[in-house]
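Next, two complexes with chain A in common: one pairs it with chain B, the other with chain C.
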Partner chain A sequence: MAPPRACALCQTARPIVRRPKTGQQVCKDCFFHVFETEVHNTITSASLFKRGDRVAIGASGGKDSTVLAHVMKVLNDRYDYGLELYLLSIDEGITGYRDDSLESVKRNQQEYGLPLKILSYDELYGWTMDAIVEQVGRKNNCTFCGVFRRQALDRGAAALNVDHIVTGHNADDIAETVLMNIMRGDIARLGRCTLICTQGEDSIKRSKPFKYAYEKEIVMYAYFKKLDYFSTECIYSPDAYRGHARVFLKDLEAARPSAIIDIIHSGEAFQVADQVALKAQQTCKRCGYMSSNDLCKACTLLESLEKGMGQLATGDRNRRRLDGEPAPENMRTIPMFQRSTPAEPIADP
Partner chain B sequence: MSCDAPPSKEDLMPRKSRYDRGQTCIKCKSRRGNLVIKHAVYCSSCLPAMLVRKFRRALSSSLDPAAPSRGTPSRILPPDVVLGLSGGPSSSVLLDLVWKCFSVEGSGRKDERRQVGKVRAVHVDWSSLGGRCLVEPLKELCERYGIELEVVKGEDAFDPAWRTAVGLDNSITEIRVDMSSGRLPFLSSQAGPSDPLTNLRAHLRSLPTPTSVPATMHTLTRLLLLHTTTKVRCSVLVIGTSLPRLSIHLLETVAYGGGFALGTEREEIVSVGNADIKLVRPLRDWSLKELGWWLYSRQLSVPRGLDGKPTQELAPAGGKTIGKLTEDFVLGLERDYPSTVSTISKTAAKVVPSEAAAYRCVYCLRPAQRDASRWKAGTAILSLSTPIASSLSAPLPPPKTAPLLTEDNLAERLCYSCHTHFTARGGTGAGKIRVLEESGGFPETTMPLPVWVQRKLGEEQMKERIGEFLLEDE
Partner chain C sequence: MGDERTIKIKLTFGGGVEVLFSNKRNQTIALPAQTPASGTQPSRPADLRYLILWMSKNLLTDRKELFLDGETVRPGILVLVNDTDWELEGELDYELQKGDEVVFISTLHGG
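What follows is the complex of A and B.
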């Protein structure tokens, strides 16, 4: 009979998982240790935080943000980062989905003892995703949700007066975004999607400590730690185009697991050529949020909803048609974006 | 307007013009169209002229980017070119176009014929690994066009005689590496069989995933073609990569971690020995439809067949390679999102390496980043320097990258993607390649390397080489 295998890391305990990232068979303790230490390495090598930083964890109640909240708390205590941590949730107003997942966030808040702020689309934009889907249908609703969430997170962070938002974007998400931006020819996003930390002008720093963490390992971590998270997919149809890229990436991962990290490496190894013209960043004339046009995307989308033309929210031709329509009386607009203290700019790498 | 009332013409937005809604050729505006290409209708008389123009434009912009405007002869001497032929549909189209544009019989205009000098063809034959041999049909095809064909065998990459023939340093001994370590240290012992075919099979067999096999063969083919180009004293290698194939290669390169050298997939100048070879792809904007139409209208034969793949025999059982997955994905995209295929190519043209190249990869001769192989080591912990309990009580952040070792190894001289092909392990859907399972007398962990890979010389070896010129110590 073959002797029982030992953990590839400690060489003593019985292995219980095969790490998706490395293929090594490791025991539970070693898995927790390397997972947390790799996130710590990501944070320290990019010098993401400094002592005393107020950091909001974008918490949706899903697996990524639940594990992120847990790991940030553990690392902050273990390595004495000296961070003030907050939970920040956005309520998109999706009945039967977000209301349930926010319950998970609230339970986590109790467990970790972190302050929680919930900001809703309804409160900020006067629209819930349920109402948006009612007007635009299921085809483009992810565009509204994505744009509104980004700005809502920044506004929530400004309300909490934090310096930094950390999100649960993992290695799979980043690799998928690299592929999508290549396929869509979105040069501007391609140039910045692999950055671990981004900061728009006058907005708050955003970081992805799980940049090199595989989605499967995040699920494993949540499973073995018995973390309380909400695992249902959004009830509104997923972005079909992203779906293509996701399925492709999963196939690549099955053929060679390093493909995920290899795609991220590719994304980090190139940059947009100097001769390619990119739109300059400015601030939205209506709400003061960062924008590459006179109006930011959130204001444009909100205007299209207010005019009852949500289906025309994307594309330049539709934009011209939208501009031609008179604005309704008492059209809702997004309040001016203001930070209580300006964020420190990111130091050059 | 009532919701129920039918819309009048004034109420509707003007539709964007779509040429494929008409039936008249957009060029001559008189004849009935025969083919729709990117929403434009062409008749069978105007289409060939458009395609020939497209081919010439792509070729001249690659050969002489500073070329004067149309009609003015280029100021550079017409270079002798080598056509790299695989035997697939693009090869037949490339041969036919070159003949049509640059030969007297093909009725190319005199001033236009001057774009290239002498034309030769080279084919890399992989039939020793079990595939169909395309040498005879390709020879026949080339003879028909009056083009000389040179055949290189895949195993020549491991043949010392071929190394001498192409003018590489023949004092180098055969090199092997130990695949059991991620650093890929060179092996000092040269024991084991050394006939080229056994070495080739051992090289492919020691690759850790089936994905690495076609990718490595692609690199070997490219290098065999480049070295043969220098051997016949040509400075330009022309290959028939079409738009979908280019997009597939670009996405594959990204998936292999080769983003740093992404631009070289479109166009590259490679230093081979003492010569700079320009690798150009004048069919890089041709869609499958255009290729198919050219083959059909010119009644061309395809030696490999329309669906034949050069590495079909090496497809893994029970899984797919990244190359095959990417091919299926891109061709599927062409069906559902038709413009995506050309967008991939255009996007790749807009990015550049994020830093200057530190060296050239000794295996693929492409530009490489410093410490690329160590970058990956920094993203995953593969061993524990201290027991978990002590590291928790007294945390010391481990270094981001693995420490440098002093031993002479191959890993530090490879680019990221070659290193990945040699070291990354397979996943659940990797499958197995049966034809390579025969060991051929090599230990599992020993990999022979192609003849152009050189080991860095030690001080003693360098001294030995220049010994006859050194004066005695004072």
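What follows is the complex of A and C.
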């Protein structure tokens, strides 16, 4: 049962990893090369960037965004994309978790020489996650964090005056999301969640260059490149539903490694025509962010916190009680950063 | 019986799995070179199947289910032997040699 001891690609060196996507046994150099080339092919076949684009890498200090920052830098140099790269980190204000992971982002910044912008929930919303959890408890705090992070990335990107945000979502993450949307019957999101590129606020694009990259390969890449990343679970309750989808997916992958790509393909094939009347997009009456209601989600959640009723903000029935309360005096307006055009260079910090 | 010979194995933990092992990223252990004979099972040279069992009895503190799945590691934990993916080394059947380095990395944490 001894496997053939030569790399399937160069036929000479000793293999060190079995690729889950293809079953091929490849040596270290061929692994680096094939991993990077596949990301390059993903980027070029979807025409994600054009020369001169200013691109922010959403950097959490975790494995995916650490490898993404490394690979984006390598590819930008190797293929001369002509991109201006930035690191953008969001500080949710979680003591003992985010403060440590931001240290690893700062080390990456030094290593790659990319300008780094850190934007905090405290600065934007006047609330840290620590303070939010104190009010709403550990059960629904992920709702706040998710809405606040998404907007914070968009606002941070506008402040950096970038055209594009790239995130480290990998094939496993996307397959998980497909499964979750199927289990929830969320057809609209099912169509959207496999898109490699979406357009957000201020026409800033968001995309996922690791859409087809397996988590196993990302972790192996980080290991063999000796990349420094942070890997502690968030101290507040993890997303339990996603956790189950994740374990289920890993079990499927163990039985058949192509399961991950197969599920992404299923999600793509399920894409429904836009016959569902989408709510007209407008802008938030308080902060100006795009919204499908008078107030955007972040302002709604923020108002519930200011009323001291944050724990009511996540259920429909409770919302009535919440909406009956008048908004507190001096409600905070979440700051908007305007992108200036044409793009102005940002000084390195 | 009474074979007390042991082999030195270097263990490395990463990606968050170290929290299950007293938060130490590196440990060197003395593993019995032969598995104990039991009932129908004759003694055999120590392999990765035995190492994982030995680790769960001797090193894992609590929350075994975050590391173990039956006789193997939980899906989502990568294993390398001497810097090679264990899938190329026969996985559980790989016979350990003195001085081997075994790495366990969780892929399940953070992004």
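In this text, the second predicted complex is superposed on the first by the 323 of 349 C-alpha atoms of A that agree within 3 Å, B and C clash if a C-alpha of one lies under 4 Å from a C-alpha of the other, contacts with A are read in each partner's own complex, and residues count from 1 in each chain.
The definition used in the following text is that a contact is a pair of C-beta atoms (placed from the backbone, for glycine too) under 8 Å apart; a residue touches a chain by one contact, two chains touch by 3 or more.
Nothing here was measured: the structure is a model prediction, and the numbers come from that model.
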Partner chain(s) touched by A:Gly310 [first = chain B, second = chain C, both, neither]: neither
Touching partner for A:Gly93 - first (chain B), second (chain C), both, neither: neither
Which of chain B and chain C A:Lys216 touches, first, second, both or neither: second
Partner chain(s) touched by A:Arg246 [first = chain B, second = chain C, both, neither]: second
First, second, both or neither for A:Ala254, with chain B first and chain C second: both
Chain B versus chain C as contact partner of A:Gly156, first or second or both or neither: neither
Touched chain A residues, chain B compared with chain C: B
Partner chain in contact with A:Gln25 - chain B first, chain C second, else both or neither: second
Residues of chain A that lie at the interface with chain B and also at the interface with chain C: 251, 253-254
Contact set on chain B toward chain A in their complex: 13, 16, 209-211, 250-251, 253-260, 262, 319-322, 325-326, 329, 333, 336-337, 340, 343-344, 346-348, 350-354, 369, 372, 375-376, 378-384, 387-388, 391-392, 395, 397-398, 400, 416-417, 420, 424-430
Residues of chain A defined as touching chain C within the complex: 1-3, 14-18, 25, 60-65, 101, 168-170, 172-173, 215-216, 218-220, 223-224, 230-234, 246-247, 250-251, 253-254
Interfacial residue positions of chain C with respect to chain A in the complex: 14-16, 19, 74-76, 78, 80, 83-85, 87-88, 90, 93, 103, 105-111
Residue ranges of chain A in contact with chain B within the complex: 9-10, 20-24, 29-30, 33-34, 37-38, 40-41, 44-45, 78-79, 178-179, 181-185, 187, 190-191, 212, 241, 244, 248, 251-259, 261-263, 265-274, 276, 317, 321
